[in-house]
Amino acid sequence: MSFMFWILAALTIAGGLAAVLLKNLVHCALAVTVAFAGLALLFLQLDAQFAGFAQILVYIGAVAILVVFAILLTRGSETPKKEIGVFSRTWLAGLVVAAALFAVLSWAVLQSAGGLSQDDAAPTVSVLQIGQALMGRYVLPLEIVALLLTAATIGAVIVAMHEKEDSK
Amino acid sequence: MLMQEMASVPFAPTTHCGPAGICDSLWLIPALPIVASGVIALMKQPQRKAAAALSIGSLAISLLLALVAFGHVVSGWTHGAAVRETVNFTWIQVGSAHVDLGWVLDPLAAVMLVMVCFVGLLIFIYSTGYMAHDENFTRFFCFLSLFAGAMLGVVIANSLLLLFMCWELVGLTSYLLIGFWYQKPSAAAAAKKAFLTTRVGDVFFLLGMVWLFAQTGTLLFYNGGAGSMEALKLGGLLATPSGLGLTAAGAIGLLIFAGAAGKSGQLPLHVWLPDAMEGPTPVSALIHAATMVAAGVYLIARVYPLMQAGALVGGTTAALTVVTWVGAATALFAALIAVAQNDIKRILAYSTVSQLGYMMAGLGMGGVAVGMFHLITHAFFKALLFMGAGSVIHGCHEEQDIRKMGGLRGAMPTTFATYAIGMLALSGFPLLFSGFWSKDGILEAAQHWSVGKAPFYMLVFGALLTAFYMTRQVSYVFFGKWRGHGQAHESPKVMTTPLAILAFFAIALGAIGTPAWPWFRAFLEGHAAEFGFAGFNEPGLLALMVTSSVVVLLGLGLGWWIYGNKSPQVETPDALERAVPPVWTVLQNKFYVDELYGVTVIAFYAWWAKVADWLDRRVWGGVVALVAWLFRGGAQLSRLSDEYWVNGGFDKGCEELSNSGGLLARVQSGKVQTYLRLLALAVVVLAAILIWSSRG
Amino acid sequence: MTPLAGYLLVAALLFAIGLAGALTRRNAILVLIGIELMLNAANLNLIAFWRYGPHPEALTGMMFAIFSIAVAAAEAAVGLGLVISIYRHAQTTDLDQMNRMKG
Amino acid sequence: MQEKADQIFILLRDWLVGFLPASWQTAAGVLLGVVAIIAVFPGLFALTTVLERKGIARIQNRLGPNRVGPFGILQPIADAIKSLTKEDVVPLTADHAVHFLAPVVLVIVVFMGFAVLPVGRNMQLVDMDSSLLFYFAMGASGEVSIFMAGWSSRNKYSLLGAMRAVAQMISYEVPLLLSSVVIVMITGSLSLVKIVEAQNQYTWGLPHWYIFTPWGCAAFLMYAISATAETNRSPFDLPEGESELVAGYFTEYSGFKFALFFLAEYLAMFSISGLGTTLFLGGWSAPFAFLGWVPSWIWFFSKVMMSIVVMIWVRGTLPRLRQDQLMNFAWKFVLPMTLLNLMVAALWRFMGEGWLRWVVCSAILIVAYVIAGRIGMRREHLGPRTYRYAE
């Protein structure tokens, strides 16, 4: 357990918590960006450079920006009124469920911690191999993802497009 | 063997065509006019020229094809081989039984094809002039083309079924064309009458066909030895007896003959033909003189092997005997009636009937060649006469009563000349005219008939009458002085030209049937035709020729003596009427046949209809009412049960359902997070279970 | 405690946080953010298992992670588009008020 | 001798590191590299500012800075002192934390981009397998900080500027990536070092730079356009269009933070033109074989400065676009052309050696560009323009 790992884990968790807890939506968005960055660094820690950079490119470069845009377009940036909090009426139940889930998962992890592999030899994987895998063994998923992205782009555009009749 | 093959491959035509292959495309001949009629049906009324051009063009192409086919057959014949080529295919297949259709090309069909196409074409052309001022011009040509197609279909059919289809189609078009001027009640009535009367015959025809199929399992005429007109099957038919001491062959033949009689207006089904003259004159010429009525004769010729099956050499069969007697009787009977008619077209109609009788008699006694030869010649000169009559009517402003005409000799010379030729041909003026030779053939056959001499005398008397009434008509129409109103005028070229052409053939056709050179007979019977006067050496032939000439001349003279050049007024009674009033009235009223039918058949039907109506109202109506009442009672019962038992339970169930639904609906709150929560909860539980089960 | 267990615990915690966010926040966008967090936790799992799994050269976990990143991008785009259109329609992004289909 | 001149900095680093215990050496080496980058490029920035101001002035028929030092070359120093000593004003309602973080994050991110650029033979901070991807990842993260800056300062101009900037950068990031993907396709590697080495070979004394291939030329064109937009340079400088929104997203910044933004902008220029140089202009390789003796880093920096000069020139020449024109240009012209270029590159790759692929690829591209130009002219009703000069 490297020292680096703990720092990054703390950063990520902190970012996640902030994202969930903060009042101002934009702060949440920025916090989640921090969490994304932390995750990307964790990936690098796991010798998964490609995945890490892809994570940065996609999440910080695109998703975070999208979220921010959405927030500004839905006037979410103003801090909400005091009388209704940022949490829904049923927040307690939600919290309980989440806690239960975490309990179960961690229980599972600790249960099976003994059986987990100990070896720490970093696998040497070049981008070339990844590319060949993408184009060879995983070409079908790749094509499907490409289709999915196209469909999603078009769909998002159509969904978010202004209907001509209701010009509010 | 062929049957098996065809059963295995339906729609695979088994053709016995020669290398020429014309009979492969023989179907085009009827198809073209039918298609043309279909196209014309889609045309708008003003497009007269297009319609006429289309139908005439299609028929012209058909004529060309027919001529090619004819040439093919002739060439085959001159090379000493009797041509009979067929194309058959399976139409319907039910299990092992299958119904085949097909067409045949043999001398009979070839001759008939050429005749129908040729006469039809001339009449089409004539019609363009005659119908020029009718507003339903396009409709007329549509029907006309359809008729031509159907008729040609009858001609080439190699299957009794296909023939029957086209036969009915012909009947339909004849109905449509007779009733063409449907606004005239008389025309509508005539159309109905024609349709129903021929139907009577067709029922028998259908019966005969079904029986034939039941007996032989095929309706094909010729099928490489397996056809119903070929020795194999005929033997089978002869072997199976039927009632009244007839063989199956004879019985079937009689049934089919009934159909033919209906179509060809033989006794006792002739009544529709004179009334059919209500149609436009070209129709009368085409359908009720040249082609359709001949279809009956053609049918008999087509099934002739069946008719004469089992006949000894020179002997005859029951079927043929019946044919003969009916034919002879019709010939005489119709001729008698014709004497006392005043409507120019009716006279011709009755003469047609009587001539058809001659043909039938010829078939019955002398065989296919004799009957068919008269058919061909008659087609030409009768078409000529009808069209001449049409031209006369046209010229006299739609006047049809011969007593209101007269002296047209000067007014319309062309018509007169051609009409005179036709009249002489019909009455069989010696040596020159085709009618003489064809009728002579029939008389000769009658003279040598093995059963009896009566038909011979009847036919001779008929010939005399024919000459007589034709003379009467001509002298009424063309001689004497003008008794009509307005001024008569000659018809346009488009009408007179066909007349001239037909007139030429009315004379020329005689050449191919003289005893000196019996080309036609030889052609039909498929043996070589040799030229020479040996033909005249047959015993009694010359005497017969002399007799018939004398008879004809006698008729002509008698007619001229009584009617020639006198121009009696309309109101003055006819010469014969003054001589023998009762006979005259009987003839005038066509032997009261219509009235007879009126008081017998029709009255019976009317009574039967009343009975049926009464049954319908009282008996069946009562039953229906009873059933309805019962059901109403049942309905009452079920309603009660519904209200008191079913509804109770059902309502209860619905209540329960809605309650439980309400409970479930609590969950369906529409709050996304609730769903997500439940989902997560489920995941937790599942994961817990999994781990619990997997540990240890 | 093995490194893998550490990564898995972090992933589990992150997942739980994301779930909590998705379950407790009013704002639809925040719910989406929570979902993104959960997806990322899953990715972390995948990568960790790839790294410490028996056959890293097979690249399975890595591929899975990459594909899920791509899919997540699509999901975010569509989800946010939906939120925006809903907002344009109902003038709110509060999930507690979006509980009927009529409107 | 020339070997030494080429590798002089490497040798220097090793010599310095040599004084330390072995365990620290690698870290120290990296640290030295970072220091070098941080030292060199801001210096270059200072040089560039004066260059730009002089150049623009020349184009606009002015004199430009000429007071501080001979020909005003010491102007940047004065500016630096000024901005350092100025008061740092933060708006009252501003979101302080974010407002403070924005420029820092931006500068850090931009600096990180340099880590993978090979500024000379063996002269790159890290040589990793997927350095190009890393570079783009860093470039993408810059947008967040720009948004932070614009949003946190509670000023509609700032927010609008930030929005424009982010939208523009996202839109032009796509063609930027696609036009570089062509290179990756041909080279078969994401590592910038390998890319440069692939270009560092000569036939008849001429280099194998990718700009000298049809697809490479087209890609370079697209890359240049996208890069100009990516760095918010004129004619794509709407985010800080002073005539519309005062200074865009750093309207509310002053003093040192403002300087940081300014620095970040120029650093972005350097890094992106450095990347362009690496991808298309053969990085540190010499333009002619016989010039191989000149140290590689000199070539790199001269090429970068050349492209900077071109950028300045363009800025002085072209008028600013409108927002819709900007977006339309990105999505309706640049993107399709890069996609087409992708196809062409694939064609090139699979047609194998020979003169044929030259003909085919150039033909396709020329036809496509001519058609696109014709259509554009027709739709926009553009024609030859007429200028009137003041006498």
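As written, the chains take the letters A, B, C and D, and residue 1 is the first residue of each chain.
As a working rule, a residue touches a chain if its C-beta (ideal position, glycine included) is under 8 Å from a C-beta of that chain, and two chains touch if they have at least 3 such contacts.
Everything numeric here is computed off the predicted structure, so don't read it as measured data.
Enquirer: State which chains count as neighbours of subunit A and simultaneously of subunit D.
Expert: Of all the chains present, none is in contact with both subunit A and subunit D.
Enquirer: How many angstrom lie between the centres of subunit A and subunit C, each centre taken as the mean Cα position?
Expert: Chain centres of subunit A and subunit C, defined by C-alpha means, are spaced 5 Å apart.
Enquirer: So what's the Cα centroid distance for subunit C and subunit D, whole Å?
Expert: 34
Enquirer: So what's the Cα centroid distance for subunit B and subunit C, whole Å?
Expert: Subunit B and subunit C have C-alpha centres separated by 87 Å.
Enquirer: Just the number, please: Cα centre separation of subunit B and subunit D in whole Å.
Expert: 97
Enquirer: Considering subunit A alone, which of its residues make contact with at least two other chains?
Expert: 50, 54, 62, 69, 88, 90, 93-94, 97-98, 101, 105
Enquirer: By the touch rule stated above, which residues of subunit C touch at least two different other chains?
Expert: 19, 22-24, 95-96
Enquirer: Give me the residues of subunit B that touch two or more other chains.
Expert: Those would be 671, 673, 677, 680.
Enquirer: What's the complete list of touching chain pairs for this entry?
Expert: Contacting pairs: A-B, A-C, A-D, B-C.
Enquirer: Enumerate the contact residues on subunit B facing subunit C in the complex.
Expert: 669-673, 676-677, 680
Enquirer: For subunit A, which residues count as touching subunit C in their complex?
Expert: On the subunit A side, the touching residues are 1-2, 5, 9, 12-13, 16-17, 19-20, 25, 28-29, 32, 35-36, 39, 42-43, 46-48, 50-51, 54-55, 58-59, 62-63, 66-67, 69-71, 73-76, 80, 84-91, 93-95, 97-99, 101-102, 105-106, 109-110, 113, 116-120, 122-123, 125, 129-130, 133-134, 138, 141-142, 145, 148-149, 151-153, 155-157, 159-160, 162, 166, 168.
Enquirer: Where on subunit B is subunit A touching in the complex?
Expert: 671, 673-674, 677, 680-681, 683-684, 687-688, 691, 695
Enquirer: In their shared complex, at which residues does subunit A touch subunit B?
Expert: Subunit A residues touching subunit B: 88, 90, 93-94, 97-98, 100-101, 104-105, 107-108, 111.
Enquirer: Contact residues on subunit C for subunit B in the complex?
Expert: 19, 22-24, 31, 95-96, 98-101
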